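Some structures are shown below for you to check.
Here chain A shows up in two complexes: once beside chain B, once beside chain C.
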Partner chain A sequence: MSGPSVEKGINFIREQIDAPVASFFSSCVHCGMCAEACLFYTQTGDPRYTPIYKVEPMRRLWENEFTLWGRIKSTLGIAKKVTEEDFAQWEELVYDGCSLCGRCSLVCPVGNDISGMIRKIREGFSAAGYAPEGLIGATTRAITIGSPMGVRLPALKAQIGHVEKETGIEIPLDRAGAEYMVLLSSMEIMNFPEYLQAIARIMRQAGRTWTISSKAFEATNSGIQIGASDLARELVQRVVDAAEELGVQTVISPECGHAYTAIRWEGPNLIGRPFKFKVRHILEVLDEFREQGLIKTRGKEQARLTFHDPCQLVRKGGVVEQPRHLLDLVAENFVEMTDHGAMNWCCGGGGGVSANERADELRLKAFRQKKSQLDEIGVETLVTACANCRITLEEGLEEYEMDIPVVGLTETLAEHLVEEDQEGQG
Partner chain B sequence: MTAETLLTWARGSAFDWAIGIFVFGMVLRLIEVLSLGKKPDLAEGRGSGVKGGLKTIVTRSIPRASVFAREPVRITNGYVFHVGFLLVLLFYGPHIEFIENLTGLSWPALPGGIIAGLGMITMASLVLALIFRLRNPVLRHISTVNDYLAWAVTLLPVLTGYLAYSHAVLPYTAMLALHILSIELLLVVAPFTKLTHMFSFALSRWYQGYQAGYRGIES
Partner chain C sequence: MSDNKTLGEHLRERGVSRRGFMKFCAATASLMALPPAMIPAIAETLQNARRPSVIWLSFQECTGCTESLTRSHAPTVESLIFDYISLDYHHTLQAASGEAAEQAREAAMKENWGKYLLVVDGSIPQRDGGVYSTIAGMTNLEMLQEVAKGAAAIVSVGTCAAFGGLPKADPNPTGAAAVSQIVTDKPIVNIPGCPPIPVAITGVLAQYLTLGKLPEMDHLGRPKAFYGQNIHDRCYRRPFYERGQFAETFDDEGAKKGWCLFKLGCKGPTTYNACATAKWNEGTSFPIQSGHGCIGCSEPDFWDAGGFYKALSVPIGDAAGAITAAAAAAAAAGLAAGAVNRYHKQVAQAAHEPLKVEELSREEKS
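Take a look at the complex of A and B:
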């Protein structure tokens, strides 16, 4: 494989221009409304963070090569070309200044999926070698080690050992024929073992068989965040191979937003064929269990709490009602933020922003959007369903000295399970 | 050249050319977009793409509450312009007559006085839109000469129409000729500027709506 170059970057952007993209650029009326939806603009007031402006190099390429007027200008030599300088200038806008949250796409009056275009233009930027160090590192680790945070199998096994000891439940590794194959994010393995514990307990209560693959346990797909489809494809393929080898019916994406859209939507399109198994987010599975009466809970959280909708779940994943049903089971004082659900504001850490140290300052600035949402309702606990949101929220809350614990929904649910048959086992 | 010959030319070959360029340009733009194609979505769907596409073509006309709250005047002004422009275009008696001559279709007109009032409101909204474009930091940053060109060729037909109606400047025949010429200018320019959105908005809404409908997500 040849190294990155601007020429390659331009070719990659060109390849991304399809009919939807062309229709989006044709329709844009420069009304600026997308900016009003983007936390990177609303919290900085810097017009460079206007969503549609972030894909200006792609627009220029489209105009120059795919429109009559642009072609005439190109022939006459008066068209503004995409240059190396543009890559240098736009890199920060494309990566640091966008969490791929998808909010802009929902407000554009002509229906432009701007977020989708930013995802696309990143293909060109990573091919040109204009991508943040943090993301390059994460992607390299994902490919070589199998996890963006460098978590290896022994670390997972150690974690499994702890959880088994604590719960007395066996965590089945590589069990062929299980109904579910559970994926984890590195963040969960390293920082939130309570997730794995919760899964073990809920699966036992629901009476479902499940397993973790030693070959593909990582759910996060850094290839998609940086915009390198070849690497993203390789990461997806590992999961597909493992799931098909074990013959599972459903792969469960963990409490992580991007991991879900990566495997759920991009996955089959990356490998070029439909999956032979289903992909569900853990909240979808839990809500199914609830509907089927497989989850019995006791008692409710008394704290005033709210739910932070992970962007990739609520906007790109269509998982909106499930967390509310589940919270209904276990929370007495659940309140919604303004703009909850499909119009929820991003925590600022999605789309690889949290893996990009260079963007820390900007991300914390953007977090003020979340802060004001939270200030408005004054809650004691913040529940979410994405380990990456969770870390980002915790950092933001700490920065602004807000004393609100952040918890995962799955573990909150597990805390209220009625485990009669287990009584005494501790 | 007298006003009469100018009017005859404006109504005759100039009009034919303008319409020709407009139709050719718009069809070309459409082909430019559609010929790029789109890969099928191989992920397991949840719903109907067609339903989602059709739905979004309609629902995207309504702003999201949280964005409306941030920019109520700008968004309202956008509505005022579009509604005003379309009412004047479609419900002024002579316009209806003109369309009837062309297509045989006809419908009731609004009184001239009301149309004149709507024309003034439409122009006011255009002026306000220009002020926003010149002053709002986002709009200033993303605007190009294209935006101002599109603005000017949109204003001219409304302005000349109003002046012709009110007999304020120039003899009627001359003003009417200018009015028709300004419409022709709009027709010629439209396919090569953002004014393409008069048709392509349906396409872009469709594409986002189709994906959303298929995936069972909001759009």
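Take a look at the complex of A and C:
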């Protein structure tokens, strides 16, 4: 085992430098718009949190090694090299001060994918040993145990038992040939079992077949968050193997943001081939059911509520309209926050920030962005579609003593299902 | 040779009125871009000017320049002026021939040493000792060098004398050169054109007579008064150019309507001369007015500029080749840089050892 080292880290960053990265660095006009788009900057006022500055070590490496002037400067010995000290200094900016929300990439006037570059630079930081302890722990558990929270199959089976008892619906485990294979995040298994309940009820009403794989039920991918493609690939491969073994048509990513990014967008690139199945987010599937008339609902929530757009799902995944359509079914008083949809503000806990205890203080500070959005519209309920957002929102609301319950959209929908015909079957 | 009559007396003898003379002086002042206050001074000086001695040497040329001057403007004041100057030596015009002619030249030189004006038309062959053009057994090169020594100033008339002209056109078999390439220690004014406009010649001569100095010149040694603006800027067809109305062939509707000849290869935009304003044949017309594009004859190397009927937007000469070569070189450099960068990255990828989960934490390193 070679162990982490700065040389290794630099080499990993070097590997990530490609034509888009070169064009991004070349075209940056230093306008600072990305700073204004970043909640870590707006809530701290600290210019070090300017998104493009967070990838400065990568920019310097690119300049030194991939540009003519940089090479000349390097030859003359006047180039500023990337050192261990830089890794130490930037670790906090790269991990604690960025939730990979992608708002900076969206506002960049020259189209630079800054958050994409932060995802890339994390490859080098994790290889150099400069990743936060919390993320290292989560990644280690994900690889060795199968879940960042250490959830093993017996724990899942226990939850399945509870849900089956509660709903009277069988949860099919390892059923080959099912239409859908449902993934779960550890948080849903341990903290929000209502999600699994909702899935079971909705699938029964829609009349679709589904299953959970005992080999790969975990949807989250800590390798993506810490920025270690070698590990992320292993986690994706587990899901791909299980799904292809069971021969399912579609894998459903749960109410979890980065899990969706990991399996749907990064997944095929990581394993180097297209999947033999489709990947959909649960909200996409539910909206399809709605369109096909497979979901019957009754009554609507009367509470004034709003929807917090999970960044990975909405801004990066393009699932913008589906949650609105679904909320239309079940909410009477739905209001939008000022910046919503693709321009939403992050909860502050994405991209591994919530798994990084060291970042708690900064994360809660950044949450004031969401707080001001919520204060503005004064809602009684906050709906979202990401378990990580949900935990972060709950913690933030508690910190600022705001009494707003946070619920998942899938379970909210399930509460309004018309189930008379099934109820008789008990 | 020179007599003692003044120009004023000479003109009056030839029946030119005071009014006609003043008109010429005003025209000269305006042509030469001199202030109106200079008109009386010009008149006064010209009236009283003594006939200056002029030696005209013709080398590799076609006599077109002389034709231009003597035929087209025969009865005008300009030609009278030209008659008036003491043209002591001119192959075509002088009566003398053979040895007598050469003696006339030598005598004029001796008599007016350091004061005479030397006019040259035609280029000078230099290759093989200049044997390609000789007069009375003397090469043009030797004659020019000899006569130039005693000249007050030199006027290079026509593009051949000014820039080498047709004899110098690729592949230039005789090693033809312009006057200014051979004589470097005398004031030289170039009056290019194939042929030049007669008033350009008389205007320069008039100014030299009145002010005793050569006119203000551009970077190619041409008098700015005649060569300061390009044909295109002064062309009466310019509005059609601005509107994008072009003749596409010499017999299409556009040509009949007098549209711009740019697409038919008109070199007006890059040619500096007075054709569009002074015109030819006593102000009758000029090439563009008679339906043919400017061929750029007052510019250096106009004969090798890629074809008279090739539009200017097509790069002339070897520019296209140079640009293609430069682009190819740049592309090659870009590819090379890209290859170096890719190689650099491949080395990094080759050095990649898959990251294991145990390797994430620094504490476990030792």
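Definition applied: the second predicted complex is superposed on the first by the 422 of 426 C-alpha atoms of A that agree within 3 Å, B and C clash if a C-alpha of one lies under 4 Å from a C-alpha of the other, contacts with A are read in each partner's own complex, and residues count from 1 in each chain.
Just so we're on the same page, a contact is a pair of C-beta atoms (placed from the backbone, for glycine too) under 8 Å apart; a residue touches a chain by one contact, two chains touch by 3 or more.
On a predicted model such as this, the values are computed, not experimentally measured, just so you know.
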| item | value |
| --- | --- |
| Chain B versus chain C as contact partner of A:Thr139, first or second or both or neither | second |
| Which of chain B and chain C A:Ala342 touches, first, second, both or neither | first |
| Between chain B and chain C, more extensive residue contact with chain A | B |
| Chain B versus chain C as contact partner of A:Gly272, first or second or both or neither | first |
| Contacts of A:Gly32 with chain B and chain C, given as first, second, both or neither | first |
| Touching partner for A:Arg315 - first (chain B), second (chain C), both, neither | first |
| Which of chain B and chain C A:Leu68 touches, first, second, both or neither | both |
| First, second, both or neither for A:Tyr400, with chain B first and chain C second | neither |
| First (chain B), second (chain C), both or neither touched by A:Ile17 | both |
| Overlap of the chain B and chain C footprints on chain A, listed as residue numbers | 17-18, 22, 66, 68 |
| Interfacial residue positions of chain B with respect to chain A in the complex | 28-29, 32-39, 41-44, 46, 56-57, 60-61, 63-67, 70-71, 74-75, 78, 136-144, 147, 192, 194, 196-197, 200-201, 203-209, 211, 215-219 |
| Chain C-touching residues of chain A, taken from the complex the two chains share | 1-5, 8, 11-12, 14-15, 17-18, 22, 65-66, 68, 126-127, 129-131, 133, 136, 139-140, 143-144, 226, 228, 230-231 |
| For the chain A and chain B complex, residues of the former touching the latter | 17-24, 26-33, 35-37, 41-42, 45, 47-48, 50, 52-53, 66-69, 105-113, 264-269, 272-275, 278-279, 314-318, 320, 338-339, 342-343 |
| Contact set on chain C toward chain A in their complex | 337, 341, 344-345, 348-349, 351-362, 364-365 |
